[in-house]
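Next, two complexes with chain A in common: one pairs it with chain B, the other with chain C.
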Partner chain A sequence: MATQGRRDFLKSLSAIGISTIGVAGITPSITKASPENILSKDRMGVLVDTTVCIGCRKCEWACKNAHDMPSGSIDDYENESVFDNKRRPDYSALTVVNKYQNDKTGSPINVKVQCMHCDQPACVSACIVGAFSKKENGSVVWDESKCIGCRYCMVACPFQIPSFDYHKALEPEIRKCDFCFDRTAEGKLPACIEICPVEAITYGRREDLVQVAQEKIKNYPERYNNHILGETEVGGTSWMYMAGVDFKNLDFPTLGDKSAPGVSESIQHGIFSYFVPPVALYALLGGVMWISKNRDKKEEN
Partner chain B sequence: MEMLMNPSQMTKKYFTPGVMLVSLIALNGLIFLALRLIFGVGAITNLDNQHPWGIWIGIDVAAGVALAAGGFTTAALGHIMHREEYEVVIRPALLTALLGYTFVALSVAIDLGRWYSIWHPLIFWNGNSVLFEVGICVMIYVSVLYIEFLPIVTKKFIGNVRFKGMLAKLNSPVDKLLRMLDRGLDKTMFIFIIAGVVLSCLHQSSLGTLMVIAGPKMHPLWQTPILPLLFLISAICVGFPMVIMESLIASRSFKLKPEMHVLSKLGSYIGPMLGIYLAFKVIDILIREAFVYLMVLSTESVMFSIEIIFGIILPMRLFFSKVVRESPLGIFIASMLVILGVVLNRLNNFIVAYNPPYATTSYFPSIGEISVTLGFVCIEVLMYRLIVKYFPIISIPEKAGVFKTKYSIQGSK
Partner chain C sequence: MKKILFYLSIILFSTALYSQQKHSDIKVDCSFCHSCENPTKNEPCIKDCPRHTMITVHHSPSEGPLEIKIDILKKEKDLYSPVIFSHRAHSEMSQMGGGCSMCHHYNPPGRVVACKECHDVNRQRADLRKPDLNGAYHRQCIDCHKLWSDDKGCTYCHAKNSDSGKNKITKTVPKKDRIHPEVIAPNKVVYNAKSGKNKFVTFYHNDHTNLFSLECKDCHKDESCVKCHAKEKIIKKQNKTLNQKHQLCSSCHDTAKNCNNCHMEKVTEGFNHKIKTGFDISKFHAALKCRDCHKKPKSFTGLKGTCSNCHQEFKAGTFDHRKAKLVLDEIHAEIDCSDCHTNANYQKPTCENCHDDKSFPANLPGKKIK
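After this line comes the complex of A and B, so read on.
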């Protein structure tokens, strides 16, 4: 600080402090988009009853059609050889049905897989540019115009759902079920719900669906395991599952009830609470710098 | 105490057989990089929907940021705590940080599916996203590093602006501009120096928070809410070893006498720092009872043990020994252990610990990924060599030419 007076130094420090607090004042309005603020009581959901599903895969076909993806002939979907391997949704299919052996009854269990549309989505919290958002009707959708393709959503998702088109050099997309956001906006049903011939998937207010599921379990305790997957997992999901066996046997991850982004958000907001910790660190370092300078000067004199 | 700082341009010729080899590896990396740009990320990497992040994030970015910590740790010691005897290592550390972060940014860019949209975080904000904070902090910090480096550039060209022909008229205005810039920077440099340290603390720790959101997908040996603290402490641990390693290699390469008096002193900080890091690591796995996973033989338990034993305990023991600290070979080996330990820690956190629920195969980097990673490291080395040839970065240890600097990089009266 040889060329710099003590007053200048302090002045500059306080100027930085004030401008940083200014930034902090704006920030809360930007971060307001966190999902809990827009969770509607009337948000929709789907109840998947795996004991009803017959594994016809018509939902796969309807989904592709609804999203302008190559779907082929509906007759091809009767081919059961795809069940030899467990499949996951990817850029070519937003939903897939897998078949599991049932040791209890002998008849196979079919499980439709797609995005669960969490109430506290990890992808929405993680996305660097806020390309994911939880909508009022419960769906979690992706905004192509913002996405930069960093794939952090895929790291964050507890159900490992978002997929990426690795073989496109330009405009590769993050793809996942969007709960037929465009169709429901027009008042139509999601494509898979509409086509399902056995009503294995029920669309309705999430609150009502939880009640429906609870009643089913009460009325048919021998048919269902007493567990609605998605009712409380990771803070609740829009899509919920019922089954006659433990969900572990159906390849569902075992998850707690705490929301997936909870811990990281509280760490993050702790470090940045109104920018106090960074500004305090700045002031502390400034003080140390100033004291060390003066100490050295005194020693020289 | 009169310490000497005499940064000079290196005069040794640029190309040697070693440099030729490094250039070849760099070229190989650039070829794979071109393939990635033409055919997409999937064409040359082993990434898939289960393994969205590979070594370009785990090593190039996460380890890259940690290894560039020499910049802010030496700035904190030399400028903020005002320990003038460390001035000689600040410029080389600054240059390494500058190049390191530039290549971190490049590595992020090539890993992005839509690399041309890398500027989006500037306008689309998500305050909940850890990655957003890391991205913004790194962007600002890279700018700060360039500003910190600027006086070295202005100093070289002041009084030396000699355009030819038509442009000759511009000589005096450009010179005036440079002098103005130089004076302005001299007065305000402390703002940037402190900002650099604050920004480093923020994003070094937040890099650790990145994987917290992966929750149970991450192995319990590493998944902990104190990841940000562990990342920050380990970054501080690896700052000085990087400076020591580079200084010794540069001395050898440019046939200079190693600055052992400074390096040994720097080394005396590393042992206690590693001790603190080890304490946090141990207490963490004890409290979370994660140590039970060390009782079973698995890739994770082996990697964790290597990280702790060879990356923390062994170098800590070495750095506590005065004999080791004062021997160039000893301090070099101890520093390399810390560096490799931190690289392994980042690799473990981002790749080994990450167990996606539906993976049918495990991830191993492809030839293309390894080529690009090695290529980037080699380009960094080549650029470092080029810059120290044309700018005064490395100090020549001799008793003449006293050049005392105050808190700013540019010498001031």
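After this line comes the complex of A and C, so read on.
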């Protein structure tokens, strides 16, 4: 008669227990608290050639339509009076085109502005609840369900891109270009890329685009400044720019090659790694206790 | 049927020979342009050549199509309808610019390569070095149009698909013979050299075009539309060197010496061949170009006003007198030329040698024609 002994029963019970714990242990690791920050070799990017852009603002229109924002009539976009003021992306437009005078050739320079989708995004690093994430396809996206509205991302961004629904009292959102994450997941092109009549914005693997840009500069040195903005700035960005003039004249900030979160993260992570804070705290408390104990002893003596 | 095939094969053979002939003019290796070993007309396997080493062949505007409907990128839902591109009008206009290669920047011998053969129809593609077809088309048009046109919106070329009826038709279909309107050229232009005693150069534009039969493109080559159409004068006046200033004139006139041929103390009269040289070219020589008679480069002197300067072959029996608008009658046709044209300038005949001066020269030696 084969009877199960007490030892066997306990063994099988513990096996089940371990496997349950194992499954339970895996599941939370997917939704871990630390931010998702994937840097794929095949991440996509965009090369913006400001020497080609004609300032038709079709990208603005297509962007609004793709994100269910009020877009108005397409004919209104031919009105050039908007170029009188320099605009920034905000809650009503995730991308805008600005026009700059060109003293070199006389024909104006049009510059499309939107999120640069950094390779080491400061917003991802700054977000305390992990609402921002860098996806495998290169896009930096924002998750409404996690956001608590602290707006640290807006302060952290070196390009000052994330904007806030200030006009909304209830459930205001952080708004910024999401590289048409939903459209690209379906195999479509980002809306602005698809509509651009002159292909001033070229969509492709970031690696390929850097090569294309370098070739252009080599072949047409008179047309382009030898600078691909975003190739190395703040550790590299998915959207990169080419221009015939210095980027300072086009309202781009002068940024170093070090990633924006690099400095702050090294301090923060340095402090919190290797149990430094608890050890330091207990060491401090222990020290205080030891001193006061010694003092008591002296007083007793 | 056989006959037709025979002629057809002859035509095909000769065109093949023609294109080979042109190919032989090119001093590059076959593999410079072709990727396969035996390229054929149908499968030329042409490589993507870099733009700066392109080979260009000139075709006349009439060889190209009159107009092209660019609908290769048409989709189910489009904001705008396809453009009907007036190809001939544009190719004629391009004669004053860089010719065919202004648009067809890749132009191997034989035939013209269409945009779509190099530029991908799909925006999602492997080779990102060239713009896709949509981008290529728009860049090609807009690069010129944005510079001069006030109306540079999309509807300048496209009709909006939401438009209906009248608006649509007038916008999309250009008149078949739509061509660059006649350019109003100046009669004369006075240049002020500002230095020296003889300041003024009076340039008679109409003489150069009408009298000297120069075509616009003979002088106005490599000019962009902006030269006339700039909305704002964006091209700043350059400081030209002396050579650059004289460049256009010196292609026909010797500007290195005899400045006073053109530079005068005051504004001068236009050139009249009869008054200045005594030789009236308006009757029979109006259609000739200067170079047809003045064969020595950059020199317009040294010809005597006699026919034998050019017409050495004028002998009895070899000259068709009808060209002088007069058919000689039977008797006069057999007389030696010099019997009547004694002074050898062939302008006015002398009749007194044979006839009394009462009846001649009132009576003509033949029938006058027009």
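Here is the rule we use: the second predicted complex is superposed on the first by the 255 of 301 C-alpha atoms of A that agree within 3 Å, B and C clash if a C-alpha of one lies under 4 Å from a C-alpha of the other, contacts with A are read in each partner's own complex, and residues count from 1 in each chain.
By definition in this document, contacts are C-beta pairs under 8 Å (C-beta built on N, C-alpha and C of every residue); 3 or more make two chains touch, one makes a residue touch a chain.
Computed from a prediction, not measured in an experiment: that's the story for all the values here.
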| item | value |
| --- | --- |
| Chain A as common anchor, with chain B and chain C clashing or fitting | fit |
| Touching partner for A:Ala131 - first (chain B), second (chain C), both, neither | first |
| Contacts of A:Leu285 with chain B and chain C, given as first, second, both or neither | first |
| Which superposed partner A:Glu194 touches (first chain B, second chain C, both, neither) | second |
| Partner chain(s) touched by A:Phe181 [first = chain B, second = chain C, both, neither] | neither |
| Contacts of A:Phe83 with chain B and chain C, given as first, second, both or neither | neither |
| Partner chain in contact with A:Thr202 - chain B first, chain C second, else both or neither | second |
| Partner chain(s) touched by A:Tyr100 [first = chain B, second = chain C, both, neither] | neither |
| Partner chain in contact with A:Lys168 - chain B first, chain C second, else both or neither | first |
| Which partner reaches more residues of chain A (counting touched residues only), chain B or chain C | B |
| Overlay on shared chain A, then closest C-alpha pair between chain B and chain C (Å) | 30 |
| Residues of chain A contacting chain B in one complex and chain C in the other | none |
| Chain A-touching residues of chain C, taken from the complex the two chains share | 50-52, 79, 123-124, 128-129, 131-132, 134-135, 138-139, 142, 146-147, 153-154, 232, 234-236 |
| Residue numbers on chain A that touch chain C, as the complex places them | 47, 52, 54, 56, 74, 78, 105-107, 189, 193-194, 196-200, 202-204, 208-209, 212, 215, 219 |
| Chain B - residues contacting chain A, complex | 37-43, 45, 47-50, 52-53, 76, 79-82, 84, 108, 111-115, 117-118, 120-121, 124-133, 135, 186-188, 190-191, 193-195, 197-198, 201-202, 205-206, 209-217, 225, 228, 354, 356-358, 406-407, 412-413 |
| Chain B-facing residues of chain A, complex | 1-4, 8-9, 12, 16, 27, 30-31, 33-34, 86, 88, 90, 122, 124-131, 146-152, 154-156, 158-160, 162-172, 174, 251, 253-256, 260-261, 263-265, 267-268, 271-272, 278, 281-282, 285-286, 288-289, 292-293, 295-296 |
